[in-house]
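Here chain A shows up in two complexes: once beside chain B, once beside chain C.
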Partner chain A sequence: MSSVLIKNESRLGLKLVAPAVGIIGLLVIYPILFNIYLSFFDVQLNGTKTFVGMENYTDLLGNPRYYHSIGVSVIYLIGTVAGTTILGLAAAILMNQEFRFRNLARGLILLPYFAPVISVVFGWQFIFDPVNGIYNHVVVDVLHLTDTRENLIGNPDSALFVVIIFDIWKHFPIAYLLFLAKLQSVPKDLYEAAAIDGQNAWGRFWHVTLPELRFVIATVVLLRIIWNLNRFEDVYLLAPNVETLPIFTYYQAFAGIVDQGVAAAISVIQLLVLVGLIWLYVRKVLKW
Partner chain B sequence: MMNKRSTTQSVILYALVLALVIFCVFPFLQILSTSLKHPIDWGNPSLIPRVLHLDAYKELLGLMPAKEADIPASVQRLLSNPALSEDQKQKLLAKFSSGGEVFPFGRYMLNTFVISFITGICSTFLASLAAYAIARLRFPAQSLMANGVLFVYMVGGVLLMVPLYQMSVNVGLASSAAGTIFSLFLIYLIQTLPVAMYMLGNYFRTIPFSLEEAAMMDGCSRVEAFWRIIMPLSKPMLFTVFIYCFVIAWNEYLFASVFLKQYQDFQTLPLALQTLFTSKNAIWDRIMAASMLTLLPVVICFMLANKHLSGGLTDGGVKG
Partner chain C sequence: MKTKTSLFVAGTVLANGLLISQLAHAATVEFWTAQTQTDRLQNIELLASTFEALNDGVTVKVVAVDENEMATQMAAAVAAGTTPQLIEVNSEIIMALGEEGIVDTKTHQGVIQDIGKSRFHKGALTTLTSPSGEYYGLPYHGFIQGIWYRKDWFDEKGLAAPNTWENIEKAAKALTDKANNQYGILVGTKQDSYTEQVFTQLALSNNASQFDANGNLVFNSPATLETIEYYKELAKYNPPGPQNWRARDYYLQGKMGMFFYSTYIMDDLALAEVAKGSLSSANFKELSGGTFDPELVKNTEFAPIITHKSAASYGTLSGLVALKAKSAEDTKATKDFIEFMYDPASYITFLHMAPGGMNPMLKGIAEDPAYLEDPNGVFKLYGADKMKQIVSGFDNLRSFSVVEGKTFPASGAIFAKSVIPRMIYSVTIEGKDPQAALNDAEAEMKSIIGQ
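And now, the complex of A and B:
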């Protein structure tokens, strides 16, 4: 190719990416930097700023609510990441078998992932509703496990577990899709060879399926941590009393005594963690 | 693995599949069932309503005449008193009818539809240009941009809500309804652009380069080849990406709540539903009917796009 053609091509390339990259630069990269700047100010909703130096950070690090929300986030992350990965893997193995109505079943189990959060949270709230919900009906009236109807979502401690189960329900389908895609590409003769070696179903899973899937599993785990670290809507809309880190940030920034500078400081710290995780993802998982 | 299964194995397999499907579908059945139940029937654990009760849907869709306000008998007597001036009567009436206000569901649905549709179109269009350049052309900083997109796509909205809000305040957009909606549109654009670029870039790479080459030999320019060869060939994927972006905007709550709180007329469904839920008690049938009506367009969209979507999502290791 002549140099004129190369030049034309690169000019066209830049022209085509310019709008998208420009918008992303202006509304993602710049805000990230602006956020760091804001974290050194006392910031009001109407935009007034007063320089306070490191005060937002020292306030934050002395605030027990901050540590509490980190603790809640850690439990939330462990529960949801383990849950989605295990259920996703189990579902993928199940749906990889041949049976009647398989396509219908494969379609139906994607529903939770596609459905709008705002709609399904009400269904879940109704299930756990202390007066009308099926959960209390089963636990109290059918199984007689306890005598009193409990408001699981009203109490932050039990609500955390409802939120975790909800998140698993909502997001295991994406893990399932990733696992299923990989499972379908595992060569059949590996299983046949293992069967000839006398491996039973469990042995085949342990010695063939798991090693073949290990990169996908790493991908799923890391991606779930990254997404769930920032997850806001699923938690806030189902149980606003479960204070994970993003919800704590939201309350600081937009509810009660507004302190957007502190919220900015939380975001800066969280971003550092996130960048570390993304770096790990790009280095270790994408480039295998 | 492919051996014939024994009967026991078959039973276990079907039982597991059934359990999984029920787990996934039950909350949807619960929503549908409650939306069709009469209030006295809510405590009934069965999913099948004793009596079919469509009032909630009728009310949301505006098919029901506005309910007569419940006016206590004592007040009615007062109203029929001829000594009372017309003005005073109106004031009295207003006090009682304000409780029976209708939830303007259609308006919220239209708001949500308009902003989601525009987001979907703009995002798909801009992403297709950028994705083509990244997939096919050579230019400076190409791989930096390709990786940058991946990075940006993992930075969640929560981390950007404060600076984006402050930016729109500083620029003056947050002080008017039009400016607020424009800010929100831009935010939805950046929430959808990275994933749209990623999905389209992967798809463009699967189209053989020889097709464009042939077109260019016939005298097409690069841009013409893109428009006439690549875009028509990518129609199913473009549609899928549009649906995906549309649904992201349709479902978005966080930024809608931050920006639209004081502009009630322009709220989107997620925000309006949340407000409806927290502001009034014991209206499960209306909440569930509204959920059902919010859910339906999305489920239909995904059924239309499902074929390509599953592949596109797994290739991109997509957000979720």
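And now, the complex of A and C:
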């Protein structure tokens, strides 16, 4: 190819990507840069900014609640990501078998994912209400397992686990959906070959299903990490005393009068953490 | 050609329509109210429509915003350049917004001049005055908080009225029977404003305060510590886990002996229909105690004043706040609308949305015969004397933000960040040491007020 053609080609390429670059620049890059800029200021509601240097960052990094919320977030992430992946995988393998009413069952499994968060949260709160809820009624009054009524959602020791279970229950269908789609495209003869080689059901799962699903699993885990590191509404509505990082951010910066400088500082750090995590995951775990 | 013409016509009509509607509605008053219930909103819409009918070319847009979301929503609106012209919200938020420089104090000054400064309750006006003497808001309605209790149960057990620390604790203990799902008292333990309101009244009765008259932060004191420790004791007789005002339903169900609440409960107690509405868990038919007790009003007494080292009544007032607007027409319309809202006819219509809960801030309204004739007959049911006793709490209204007649808006900023509720939560629910929690709260307050 002549150099003129190459030049023309690259010029055309530039023209073609220009709109995308422009939009990303306007909607992503500019806000990020403005956010970093804001994080060095004390911002008043009427727009007055006072330069405070690193104060927003030092305040934040000197706050023990910040580190506590990071710990809570890590437990929440591990619990929910592992839970949804394993449950989603189990459900997908089960639903890949032939049985009567399979289509109905496949549809029903998706229900928690489709239900609006707010109504499901209220449902859970009614179930676990310490005085009137059905959970305490069954455990204390009917089965007499214990004498003390528990507020499982309110009690900070159990709240985190209720929130994790809630998230697993609500979001495993999306993992299930992705796994099932991939499972249906795994060629049957791979299983037959494995069976001829003398592999039992476990061996076929380990040597055929898992390797075939590897990239889908990796994608599900990656998506779940990104979603749940930023997950706010489920946690805040169900148990606002579980201080994950987004909840902490909300209390710190958005509750009451918005502290835009502090909020900006927190999101800058959170962006760095998220980018770092994803980089590590993509490079070391996925080896892409 | 035909399509072109019709397009042109349609375009012209549309453009003219926009133009005309803009001309016709020369001024807009966007009014954010903290009254989110449907029936109250309908009432306010009605007032707005009346005002629109009386004032050509003015549009009043009523928007309901939850009180807890008000500050956040305001911040978003200001940042987006869509600041409403008028809001109705509690005094703590008003003081915090005032310090942000977005409040139109000139309009407030004008309204007070037009109505007459002496017609406002003095204490109410002071609460909304800035240290430099500007009005951050106009007092509109207020409530008194206290303990509502089951007189019949108290009599049965020979307990004295819960108006001192000793009486409250003794009664809470006597009325608690957790094995039978019965609870002695409700104090706030969630990280929200209800907790702060309950704590404030107890703290004031123990002479604990946030600021001294010189504006120094004096929150970390033996008096505050003592209040926290007492609060922790009371919380033992609470329904399990973190609780807020919603747990008042347990009282209506006959599962709780007493609870801190504002005079807003009056119509809930009085009106079976209203109470049934809040007894949503009555849907679980097999659970015991889910029906409404029509004798509840008769058996319920109110203790508005709590005494320990001093007598403390506590209440909160809500005010109207005009915000700085870009157009002079909007500002003028907003001022007119505010004055319309203070007109006895519309004022009483507004206050009657929650008889007893919303009390007038202008002198003379409470004695107005029209005021005493509320549509639901609540004032009649309670009787004039009980009403007088309830409103008497306004004379000695105390709060953290006013010390010896001076206002400290920083208290509003502290309120907005829920420092006290989080402190109480950490002590009562997480079992944190009271002194450690107090130290942390003080440190947080210091960083908020930049001391």
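Worth a mention:
The definition used in the following text is that the second predicted complex is superposed on the first by the 230 of 288 C-alpha atoms of A that agree within 3 Å, B and C clash if a C-alpha of one lies under 4 Å from a C-alpha of the other, contacts with A are read in each partner's own complex, and residues count from 1 in each chain.
The rule is simple: contacts are C-beta pairs under 8 Å (C-beta built on N, C-alpha and C of every residue); 3 or more make two chains touch, one makes a residue touch a chain.
If you're wondering where the values come from, they're calculated on a predicted model, not measured in any experiment.
Legend: residue contacts after superposition of the two complexes on their common chain; A:147 is shown touching chain C, with no touch to chain B. Contact with chain B, but none with chain C, is seen for A:17 once the two complexes are overlaid on the shared chain.
Looking at the shared chain after the overlay, A:177 reaches chain B, while chain C stays out of its contact range. By the touch criterion stated above, A:60 is placed in contact with neither chain B nor chain C.
Judged by the touch definition given at the top, the superposed model places A:254 against both chain B and chain C.
Of the two partner chains placed by superposition, A:213 touches none, neither chain B nor chain C. Of the two partner chains, chain B and chain C are each touched by A:46. In the superposition on chain A, A:235 makes contact with neither chain B nor chain C. Contact with neither chain B nor chain C is seen for A:163 once the two complexes are overlaid on the shared chain.
Within the superposed three-chain arrangement, the count of touched residues of chain A is higher for B, of the candidates chain B and chain C. Judged by the document's definition of touching, chain A residues 45-46, 126, 129, 131-132, 134, 137, 254, 260 lie at the interface with chain B and also at the interface with chain C.
Contacts from chain A toward chain C in the complex involve residues 44-46, 48, 59, 126, 129-132, 134, 137, 147-151, 153-156, 240-241, 251, 254-258, 260.
Within the complex formed with chain B, the chain A residues making contact are 6, 8-14, 16-17, 19-21, 23-24, 27-32, 34-35, 38, 43, 45-47, 91, 94-95, 97, 99, 105, 107-120, 122-124, 126-127, 129, 131-132, 134, 137-138, 169, 171, 173-174, 177-178, 181, 188, 191-192, 195, 204, 219, 223, 226-227, 229-233, 236-237, 246, 249-250, 253-254, 260, 263-264, 267, 270-271, 274, 278, 281-282.
By the touch rule above, chain C contacts chain A in their complex via residues 71-72, 74-76, 78-79, 96-97, 100-102, 178-179, 181, 183, 190-191, 239-243, 247, 250, 253, 255, 281, 284, 286-287, 290, 413, 415-418, 425, 429-430, 447. Chain B meets chain A in the complex at residues 1-2, 10, 13-14, 16-17, 20-21, 23-28, 30-31, 34, 42-43, 45, 126-127, 129-130, 132-134, 137-140, 142, 145, 147-152, 154-167, 169-170, 186-187, 189-190, 193-194, 197, 222-223, 247, 250-251, 253-254, 257-258, 269-270, 273-274, 277, 284, 287-288, 291-292, 294-295, 298-299, 302-303, 306, 310-311, 313-314, 317-320.
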